[in-house]
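One chain, chain A, appears in both complexes that follow, with chain B as partner in the first and chain C in the second.
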Partner chain A sequence: MTFRRLALATVAAAAFAAPALAADTVKLGYQLPLTGDTAQYGQDFRKAAEIALDEFNAAGKPFKVEIVFEDSRSDAKEGTNIARKFVDDKAIVGVLGDFTSGVSMASAQVYKEAGLAQLSQTASHPDYTKISKYQFRNIATQAQEGPYNAQWMASKGYKNVAVIAEQTDWGQSVVSGYSEAVKAGGGTVAFSEFFNRGLKDYRSLISKIERAKPDAIYTGFFYEDGAQFLKQLQQLGVKTPVYSTSAAYSPKLIELAGDAAEGVRLTSNFLPTDPAPNVQHFVTEWKKRSADAVPGQFPAQAYDAVRIMLAAVEKAQPNPTREKVRDALAQTTDFPGVTGKTTFNAEREPVKELVKVEVKGGAFVPVAE
Partner chain B sequence: MNVSDLTAPGQTPSGLTAPDRRRGWILPALVALAVFVALPAALAAFDRGYFYQIANLALIFVLLSASMHLVTGVAGLLHLGHAAFYGVGAYTAALMTSKLGLGFTVTLPASGLVAAAVAFLVALPTMRLVSIYFAVATLAIGQMLYLVMLNWVEFTKGPNGVIVTKGFELFGFGLSGRIAAYYTVAVVVTLCVVAIGRLSHSYYGNALRSIREDDQCADAMGVRTVRLKMEAFTLSAFFAGVAGALWAHMTGYISPGDFKFSESILILAMVVVGGLGSLPGAVIGALLLILLPEGLRGLGDFRNVMVGLVMFLSILLLPKGLLGEVSALGLVRRQFGAAWRRTAGGEGIGWR
Partner chain C sequence: MIDPYYLQQLAIGLSLGMTYALMAIGFTLIFGVLNVVNFAHGEIYTLGAFAGLVVISATAPPVVAVIFAVLAAGALAGFSLERLAFKPFRRFTDEASLKSRAMRESTLLSSLAVSIVAREALELLFGSQMRSAPAEYLINTPVRVGPVILVTGDFIIFGVAAVMLVGLQYLLTRTRAGLAIRAVSNNPLGAKYVGIDTDRTIILTFVVGSMMGAAAGILMGLYYGAVFPAMGFVPGIKAFVAMVMGGLSSIPGAVICALILGVSESMATTFVSSGWSDMVAYGFLILTLVFFPNGLFGARRERV
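And now, the complex of A and B:
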C-alpha cells in the first residue's frame, strides 16, 4: 500500500513540475492512439494536428495555442484516465479525439460530467453525439453517407445488392444506414454479413456473396481490410462492381491492393488533387513531413477538426472558458476546411458535402456519375 | 511453541498467547488505514479526478489479479480467459441497468453470480484437462465469450457497446461523488480480497496447492481434485464478475474491446510479476502494472518499452515474483494471523 502512495506522490510531483504557462497561451487536449494496434491512425492525426497548430501559431495571433497529446492505445481504461487528466487541467478549454468510438464514448462520460467540449475526428457511433451537448464530431455519419451511396448505385441500375462490413459499431451503422435507404428506394439487399477486423481470408465470404448473385457489393471497411478483400476478389475472378465508404479512401488502399483496386467506387469529402489553395497547402505540408506520401481521408478530417477547434478558441477570446469554447464550436457554420465546408447542426453532427470517386489507372479520380 | 509457553501468564481466554494476537492485527490495521484513511485523505487533498480514477482502476485490477491468483497461483491452473468473466460481469451489470433499470445494489451480486454460473457451465467439460490443455481450453472459452459479446448484437448491442446510465448507489442512495465512489470500490474490493485471502490461506487453500503440486498424489490422498478445481474456477469467476460490475458502473460505457484477450494477458502478467501463488504479490503486481504506465506518461512513446523492460527485468531477476509464494505465506502467517494455532490444552486447532 505504501508503494501506491509513493507512486501517486510521484505522479503528483511530476504533474506539478510542469512549467507554468504564459497567460496568453490556451491549452487544448488531444487523446489518440500513438501506440498499439491503431497507432498508424493516431500518428497521422498528430502530424495533421501539428501542421494546423504550427500554421495557427505562426499567423501572428495575439495568443498562442498548445496541444497536449496523450496516448490512449485505443484502450477505454487509458482513455478515461486521460479524460480525467484533461479535466483536472483547468487550462485546457477543449479536447480532440479519441480515434475509436468505443474509447471516445467511454471518455465522453467524463467530459459530459465536467462540461468540457470534445470534438472527435472519427467517432462515428450513432449515439456518440447524443451523450451530451459537449460531444461533437467531424466525420460524415453513415446516416448521411449510406443513402447517398444507395442513390448513386440505384442510378447505375444496381437494384439487388450485397452489403458487408466490419464487425464494429461503425460497421453496424454502415449496414443499417445503407440497407434502409436501399429498401426505401425499392431495391433489395440480397446478402448482408459482418466480418472481424483484420480477417485474412475473405474467400468464404466472397463465395457466399457470389451465391446471392448481387448486381453490386457495398462494403464498409478501412484500407487494410479493403485491400485484402479486393485482392482476393480479383484472385477468384469476381467482376461484380464494388462500392465503399469514405473510410476506405486512403492512398494506401491502392498501394496495397494494386490493380485489384481498379474500378472501385467510393465517396469522399477530401481530394488531395483538388486545386483549392487550402487543400494544396495541406497536401504540400503533409508531403514535407511524411516522405512525399499523400494524405488520406482521416488525416484531412483530423486537420479540419483541429482547425475548427482553433477557430472556436479564437472566437471565444478574450479569456476563453470551457463553456465559451463549447458554444463557439456549436455555432460553427460553413467552416472552409480541406474536407469541404462544415456546419454543425443542432445535434452537433457535421453536415458534409460528399464527392464521388473512382479508382482509375492507379489513382482516385473524381467522377460526376 | 511448547505447552509450557501456552500456560504462561500472558495468555488470553481463547488460548492464544498475547504476542500472537498482537502481531496478527498490526499489519492488517495498517493496510486498512492506508486504504480507508490515508489514501482517501491524500486524494481529497489533491482533489483531482485523475487520481481518483487511477486509484479506482488500480483497485479494480487488484481484485481481478487477486481472483486470478486463486485459480492460477493457488490451484495452479493456467487461465487464459479471465477477462471474459470480467466482461460477463460487466455486461450483466450494464444490461440489467439499461434494460431493467436496476441499480448497483442488485447488479453487483448479480454480476458475480452470473459470471460464476457461466464459469460453472463452461468448466464442466474442461475439468478433466490438465496443464497446457486446460490453458488452451480457457483460451477458447475466453474467445468464445468475447465473440458472443461482439456478435450477439440483438442482446449485447455487439460492438456498439452499452451505456450504463447509473453510477454507484446503495439501496437507492447515490454514491457517485468522487470520494463516495472511491469508498464503494475500496470496500467491495477489500471485502473480496479478504475473502480470497481466507480461501487461499486455509485448509481449503492448502488442498488447492496440493492439486497444483501433484494432482494424482492429491487424488490418491482423498482430495477431490475435480470438484476443487471446479470450485476454484467458479469462485475466481465470481470475483472477476464483481470487478466487472465495478468497472461498468464506474466508466458508464462498456464495449467488447474492454474484455479481449490482451486484458487476460495483462491480468496474468500481474499475477506472475507479483509472484505465482502469492496473494500480496498479486496485489503488488496489479498496482505496478496499472500505476507504472500512468506514471510514465511523460516519456511519451517510450513508456511501453519501459513497462516491458520493468516486467522483463522483474521476471529475470525475481523469477518467483516481487513477493514470492514462500515469503508471502510467511508474511500472512506471521502478520495476518493465519498461522497454526493450538488451544491452551496443546490441541491443534488448525490454521488461524
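And now, the complex of A and C:
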C-alpha cells in the first residue's frame, strides 16, 4: 500500500515536474513482445532501439531521451493495457511499436483517443494507418509489396499462381494485396489458403497446393514458418518456385532451412551487405551486441523507426508536446535510414524502395529481376 | 486405382499420427494409467529436446549418447516435477485426504504452474527463437515408398513408438511394478494398506513417463529440425485428446486414437482450409465426450 502511495506521489510529482524535466529528459514508450512466442522479434527491436538511443544520447544533444520498454507478448489485450499506461504517463510524448499488425491496431484505438503518436516498425496491415492521424509505420505495406511481387512473378512468366499466408490480419493483407494485383495483371490465382501460425507440418497443405499445379507459390510467412514450409517442400520433392514477402527476410530463414532455402525469392528494403556507411555502421554495432550475428530486416526497421522518432522529438524542441511530436513526425522527409530514405506521405505511409533478393549459395543475394 | 494424392495424404496423416502417439504414450502413462492430473508433460517434452540439443552442440556425440543423455534428463525432470508439484499434495496421509478428489485434482494447477515456470525459464535461458540441430543429426531424409514420399524419421518414430507401447504393456500387465502402478491408480489407500510403497510407485511412473516424454521431444526436434520453448504445447493438446478418446487408461487406445487424429487432420486439409484442421482434434474431443464418455476403447473408470 505504501509502495502504491509512493508510486502515486512520484507520478504526481512527475506530472508537475514535467515542463521542467522536459528540458533535459524526454520519455518515449516502446511496446513490443519481450516474452512469449514472438519474443525473439521484440528482443531484437529492443536491441536495435538501444543502439539508436545510445548513439543519440552520446551525441551531446542539449537533452537526453529515455525509452520505456513494455512487454506486450504479442497479445492485443496486453497491448491496449500498455497503451493506456503510456497514455497516462504524461511525460511520454511518443510511442513505438507494436510488433504485429493485430496488436498495433488494437493499441492504436487508445492512442487515437489520447492523441499520442504511434510509430510501428513492422505493422504492415493497410488499415493500420487509416485508424487516425496518430498512426505511422516504417514498413512497406502489403498494398505496395503485393503488386510489386505480382509484377516480378509475371515478368518471369508465372501466370498461374498459388498463394498461402498465415491466418492473421497481416496474412490476410498479404493474400488480398497480392491476389488483386495478379488478377489485375491478367494472371490467375489457382489456390489460396491460410494456415495457423506455428503449424509444424505443412506436408498436407503442400500436397494440396501441388494438386492445383501452380507455376509458382507466393507465401506470407515469417522465417520460422517459412523454414518449416521450405524444408517440407524439399522433402516432398516439390520444385515449384517460391516467392515471399520481406517478412521472411532474416538470416535465420537460411540458418533453419539450410539448402531447402535455395532459390527462394523475396523482397526487402534492407541489405546488410550494402556498402553505405550508415548501413555498415549499424551492422557493425549489431554484431557487437549479438555475438556476430547479421541483422535481418526487422531490426533494421526498428533502428530506423527509433531514429525517425528521435529526430521528430528533436525537431519538436524546446518543450516537446505530444502534438508537436506528431506534427514533426508527419513532416519527416527523406530521412536517411538503413532501410532507405523514408518520407511519410499524407496518409502517414512511408514510401519504401524495395529490393529483389534471391537465396543463392546460402546467402541473400540482390538480383536485378 | 486410388489417386496417389490420397495415398500421400494418408501417409502424411499416419506419420502425423505417429508423432502424436509418441507424445501420447508417456502422457497417458502418467495422466491416464496412474490417474494423476499432470499438465506439465509438454514441458518435459520441450526439456528433452533442449537437453538433446545442448548435448549435441556441446560435444557432438554419437546418436546413442544423445539418447542416453536425453533419457537421463527426462528421468531427472520427471523426478523433480513429481517432487515439486505432486508430492506436497500427498503430505496428508489421513483417509479423508487420500480419498479427496480436490486434493488429487489440485495438481492440475501445481503442474500447470511448474510448466509455465519451466517454459519461461527456457525462454530466458535460450530465447524464444527456433533452433535447429546440425543437419547430420536430423532425421528427415526423404524416402520414396511406391507412390508416396516419407522421411527416415517416420520409420524411426514408428519403431520407437512400437517399442514404447509394447514395453509399457509388458510392464503394466506382466510385472510387479506394473501391478503396483495399477493398484495405486485404482485405489491409493487400498494400495497403501496392502503394503505397496505408493510414493515409490508414483515416482517410478513419473520417471518412466517423463523419460518417454523427453525422448519424444528430442525425436520430434530432430524430425522437424525445430526446437523452441513453446514446442510442447500443441503436441500436448493432441496427446490429451488422443488419451481422452482412447479411454484415459488405455495406452493402445491412445495410440490408435492418435493415428485416427493424424489421418483425419491430413484428410480434412483436403476439404477445408488448413487453418481449420485443428478443429478436427477439438471436434473429436467434444464428440467423444458427448457420445462415448468412457472413451472409444472403453475404460471401466468413469472420469473424464
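We adopt the following convention: the second predicted complex is superposed on the first by the 346 of 369 C-alpha atoms of A that agree within 3 Å, B and C clash if a C-alpha of one lies under 4 Å from a C-alpha of the other, contacts with A are read in each partner's own complex, and residues count from 1 in each chain.
Everything that follows uses one rule, which is that contacts are C-beta pairs under 8 Å (C-beta built on N, C-alpha and C of every residue); 3 or more make two chains touch, one makes a residue touch a chain.
Worth saying up front: this structure is predicted, and the values here are computed from it rather than measured.
Peer 1: Please work out whether A:205 is in contact with chain B alone, chain C alone, both, or neither, and reply first, second, both or neither.
Peer 2: second
Peer 1: If we overlay the two complexes on their shared chain A, which of chain B and chain C does A:35 touch? Say first, second, both or neither.
Peer 2: Once the two structures are laid over each other on A, A:35 reaches both partners.
Peer 1: Considering only the touch criterion stated at the top, classify A:194 as touching first (chain B), second (chain C), both, or neither.
Peer 2: Both partners, chain B and chain C.
Peer 1: When the two structures are overlaid on chain A, which partner does A:70 contact: first (chain B), second (chain C), both, or neither?
Peer 2: A:70: touches chain B, not chain C.
Peer 1: Look at A:356 in the shared chain and tell me whether it touches chain B only, chain C only, both, or neither; answer first, second, both or neither.
Peer 2: Neither chain B nor chain C is touched by A:356.
Peer 1: Quick check for you: in the superposed arrangement, does A:80 touch first (chain B), second (chain C), both or neither?
Peer 2: first
Peer 1: I'd like to know which partner A:167 touches here: chain B for first, chain C for second, both or neither.
Peer 2: In the superposed model, A:167 contacts both chain B and chain C.
Peer 1: Hey, is it chain B or chain C that touches more of chain A?
Peer 2: Higher number of touched chain A residues: B.
Peer 1: Have a look at where A:231 lands relative to chain B and chain C in the superposition and call it first, second, both or neither.
Peer 2: Only chain C; A:231 stays clear of chain B.
Peer 1: Quick check on my understanding: which residues of chain A belong to both its chain B contact set and its chain C contact set?
Peer 2: Touching chain B and chain C on chain A: residues 35, 167, 194, 196.
Peer 1: What part of chain C is in contact with chain A in the complex they form?
Peer 2: 5, 8-9, 12-13, 16, 19, 120, 123, 127-130, 132, 135, 140, 142, 149, 151, 224-226, 228, 230, 234, 265-266, 269-270, 273-275, 277-278
Peer 1: For the complex, give me every residue of chain B touching chain A.
Peer 2: By the definition above, chain B touches chain A via 30-31, 34-35, 38-39, 42, 46, 48-55, 57-58, 150-151, 153, 158-161, 163, 251-255, 257-258, 284, 287-288, 291-295, 297-298, 300-301, 303-304.
Peer 1: What residues on chain A touch chain C, complex-wise?
Peer 2: 35-40, 43, 167, 193-196, 198-201, 203-205, 207-208, 211, 224, 227-228, 231, 234-237, 252, 255-256, 258
Peer 1: In their complex, what parts of chain A are in touch with chain B?
Peer 2: Residues in contact with chain B: 1-5, 7-12, 14-15, 34-35, 70-71, 74-78, 80-81, 84-85, 87-88, 100, 102, 105-106, 108-110, 114, 125, 127, 131, 167-169, 171-172, 194, 196.
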